[in-house]
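Next come two complexes built around chain A: one with chain B, the other with chain C.
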Partner chain A sequence: MNILVFTKRVPATQEEEIRVIDDGKKVDLSKVPFKLNDWDNYAVEEAVRIAEKAGGSVAAVSMGDAESDEVLRRAIAMGASDGFLIEAATERQDPNGRATLALNFLRKQALPFDAIFTGVQAEDDQFGSMGGILAAKLGLPFASMVIGIDTFEKDHVIVRRELEGGLQERVKVSLPCVLAIQSGINEPRYVSIMGIRKASKVERKVFKAADFQEGAENMIEVERWTYPPTRGGATMIQGDADNICKELLGILKEKGVFQ
Partner chain B sequence: MSVNTARVLTCIQCGKCTGSCPESGKTPFNVRMIMRKKQFGRAVEEAIPWYCTSCGACTLRCPRDVKPSEVIIDLRSALVEDGQVPNSIQKALENTFVQKNPWGRSRAKRGEWSEKLDIEIPHVSETQSKRLLLTCCIQAYDPRCMVIPANVARILRKGGLEFGVLGEEEACCGNEIRRIGETGLFEELMEENIATFREYGVREIIALSPHCMNTLRKEYGNLGIKVSHYSESVAAMISQGVLKPEGSYDKKVIYHDPCFLGKQNGVFDEPRSILKAVPGLEMLEFSRSRETSLCCEGGGGRMFYEAEGTYERNSVVRVNEAIERGADVLATSCPFCVMTLEDPATEKGLAVKEVSEILMEVLG
Partner chain C sequence: MSHALIIAEVRRGQFEERNLDSIGFCSLLGKQAVLLAPAGEYAIGEKSVDTVVRVAAEESLFLNPLNMITIIGKEFETRGKPDVIVFTSSSSGSELAAYTAGHFNLPIITDVSGLDKERSIFYKSYYSDKIFGEFRPAAGGPFVVTVRSGSFKEHAVEKPAAAGVETMEGLAFAGGRAFMEYVEEEKGEIDITKADFLLSVGRGIGSKDEIPAYEALAEGLKAVISGSRPVIDKQWLPKARQVGTSGKTVKPKVYLAMAISGAFQHIAGMKDSDCIIAVNKNAEAPIFQHAHYGIVGDANKLRDKLREILKG
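After this line comes the complex of A and B, so read on.
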């Protein structure tokens, strides 16, 4: 089974205090480290596991600036055999734009594939729709929130999808298809620095995003970045430690949290 | 054949390694058996190497210089290259790759402890001495341990020693990363730190953690930079009369030797001399102290990994003995030891203090 996995380099923002700058036009990412989107990490791992079991190959594709090569090297270190970078000066977030760019790339390069994996969403924009839009544009079946791939045959896969209320749905999807992989589907392997160094020796092919722009207009325009409005409701307790503890205990008792 | 493999062939199976190992006997980890298996080219079960705490006792006691602790790092390295790493250790490695600290906290906040201090600490580049106070990841981020760099900075300032910090430019030293077997990541961290030291012309490093001191001193190569543990500087200040503990600390204090400070680097007397200089303090010793100090099980990546099994933790053994000997306070000079010992100690009502915390109380 030949699988293409779309991977995205995203800022690791969990521990950062994000600053909106330039009067809401930009988010300051100058000091934020970047990494492979968590969902894509699971998608690469799942693809590599399938290729290890059933044969075939895995190729990682990334759309972004030159630095995105980093996530391709990582995917290769995990077991992908190829890496394709669709390079643009700036990272594009619009899901329709990204999906159309991907579509044009796939058509022009005529890359053979049985399945395309994407992460359910990217940590930075969280649109969660690039996979679905791409499937629609390709005219291929699509399954989102995939939490298990139980069988993979020549012409179909049987996958489990995560639904609301703790339910799971088991569906048969014809190949070729697009699957959006949910985090937790597997335990991604550790990728060592030595492994990444070895992967650096595998050539990654670089394409210019400008060559695949046809129809890839953005449908969403970011007007401005804002912080969530601050809301009241927090009580600041003043005084020394003894008084703070007494008052806190009083409040917890009053609310019925502490007896 | 690698040097470590060649060394293993000289093992005479005397058993001094297993006899001194803090894990052998109570867990499935047996250093002598690992060496035997390596001699015969037999596989070592995957879970086994992760029990090692990198205390170094086996390597220090080996009469044939087999360096078993290095052989264990090799075993881990093979697992790391294969991607077979326990989840919690994997997380620590990935965090270190992204944020340059195993806890994955923001690198931009690494210097926050010094920015909130009541004294101003310059960047090392702004100092005459080019003397760097190296924070260490756990002390930069962990709320319990953040007090240690703050206190040491105040103490050094009182003693009139000029020093600076690197703030967010400091990266993890890699001591634990190397012992986890992630050689490539260790090299990257080392290269980054060395480049930073060179950029600012650092001439001396005072490490706040014995783990950082160990790797900087022994594994970074000859940088022409003097590396010491803060206890060495502070002990010297006290003996020279520059620092004068004046208050009274009427408590019985038992001192736990951290493996990376004591048995691996021979710093036994300096932390003790600091404690002995504290008025009113009565010093106690463990039955196993100095070279034979019992490892707290916080080293070698074990800070990030709970080994399988239901055996008694060494920290519990240590705390029980401290209480039996009548100690009011268990003192040590390593943040990892503080963390591992404090857990059972708090449960039993015993205070755990880093040496600098006690000194700070009597310096006023």
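After this line comes the complex of A and C, so read on.
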């Protein structure tokens, strides 16, 4: 089975404070570290596991600036045999634009594949749409929120989709297909610095996004960046560590959950 | 008259409550609402939309993206194209929305939690809910949205007349994907929804090695330990302890959130707790917007201090 995995290099903003600058025209990410999108990490791992079991190969594709090569090196260190960078100067916010770029790339390069994996969503834009749009444009079956791949046969896969509140559904999907992989589907392997160094000896092919732009114009635009509405917020407990703990325990006693 | 097309989410015979957010979104936009709904016996509250189209496909066929494009294609043929196609922001809603946008080549904005009608702006969260983008379709014509659960339901008001009911039949689906069965998650060793006091930890604690000390603190406080999605995904805690949309929805007397920044999917699972206390090193963390009490600081240090005090 040959699997293409679309990966994205994203800012790791979960534990960072981020600011809107330039009158709402920009979000300042200059102090934020970047990394492989969490969901894509699971997608690469899942693809590599299938290739290890059933044979075939995994290639990672990334769209972004030159530094996105970093996520390709990581994917290769995890077990992918190829890395393709579609280099673009500016970041695209529109999932339609990204999907069309991917579509044109796949058609022009005529890369063979049995399945395309993406992460369910990228941590930065949380659109969760690129895989589904690409599948529809390719005219291929699609399943998202894939939390388990039960069987992987020559002409179909049987996957479990995560629904809400602990419920899943099992669906049969014909190959070739596009699957959007949910976080938690596996335990991604550890990648050492040595491993990444070794991976960087594998040649990655670089393409220019400008060659695949046909029909990839943005269909949505961002007027401005802003902060979410505030809702009154919490009463802040302040002071030194002893005071904070005392007050916290006081609240727990008052609420009757701690004696 | 311009109209909005709403795709109903019906799951195991239940008209999901989050459909009200889709309906409220259309009311707020001031659009005639046409609801596409699968076959089956369930109540819709038919006064809240203008037209209900009962599609001759049961829910497992209806919630299949490959079939949905056939259904929507037929709707386009009979009624014409709508201004907007509205899906729920759920596992299936998001899947259907992306496939529909791709197939019909339509703009898509997902996870919309607010709108400014005058400026034709739709608010979408970015960076784990820390930033909102003000989005709009670049050109006229139909576009696709998914709406965040809980964001618009209060606008889903009853209309004076009951909805007109139509049917859609004679659909031929192409195949390529087939529903097999529902799978219930295994019962865990504990039911966190029964706990009065939850001590919940997030990825901000840093590593799995920190868990035993949190378990010791929970024991000292007689709290039950739970966690946010990343902690479960990384297998620091078992799945039965997950709080959030894909885990458990909890309403304890006290919810003590340590090093959880507060992504929407987590908030949705704990926002109705009687008392929420949040500890996070980032004063701007979204969780403080939903907490009753907040502490800005290192959760691991606070944990150690509390353990010290409890040891007395």
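The rule is simple: the second predicted complex is superposed on the first by the 231 of 259 C-alpha atoms of A that agree within 3 Å, B and C clash if a C-alpha of one lies under 4 Å from a C-alpha of the other, contacts with A are read in each partner's own complex, and residues count from 1 in each chain.
Here is the rule we use: contacts are C-beta pairs under 8 Å (C-beta built on N, C-alpha and C of every residue); 3 or more make two chains touch, one makes a residue touch a chain.
Computed from a prediction, not measured in an experiment: that's the story for all the values here.
Applying the stated contact rule after C-alpha superposition, one finds that A:R160 touches chain C and leaves chain B untouched. Once the two complexes are overlaid on the shared chain, A:P95 sits against chain C while remaining clear of chain B. The larger set of touched chain A residues comes from C, when the choice is between chain B and chain C.
Legend: residue contacts after superposition of the two complexes on their common chain; A:I193 is shown touching chain B, with no touch to chain C.
Judged by the touch definition given at the top, the superposed model places A:G55 against neither chain B nor chain C. Once the two complexes are laid over each other on the shared chain, residue contacts for A:E16 go to chain B and to chain C alike.
Residue contacts after overlaying the shared chain place A:G233 against chain C, while chain B stays out of touching range. Common to the chain B and chain C contact sets on chain A are residues 14-17, 187.
Against chain C, the residues of chain A that register as touching in their complex are 11, 13-18, 20, 27, 38, 42, 93-96, 99, 123-137, 140-145, 158, 160-174, 177, 180, 183-184, 187, 217-237, 241-242, 244-246, 248-249, 251-252, 255-258. Those residues of chain C that touch chain A in the shared complex are 11, 64-66, 69, 90-92, 94-95, 97-103, 105-111, 114, 119, 121, 123-139, 143, 175-185, 196-197, 203-204, 221-223, 229-230, 232-235, 245-249, 252-254, 256, 261, 274-278, 281-284, 286, 288-297, 301-302, 305-306, 309.
By the touch criterion given at the top, residues 80-81, 83-85, 87, 90, 93-94, 97-99, 104-109, 168, 182-185, 187-188 of chain B touch chain A in their complex. By the touch rule above, chain A contacts chain B in their complex via residues 12, 14-17, 31-33, 35, 78, 187, 189-197.
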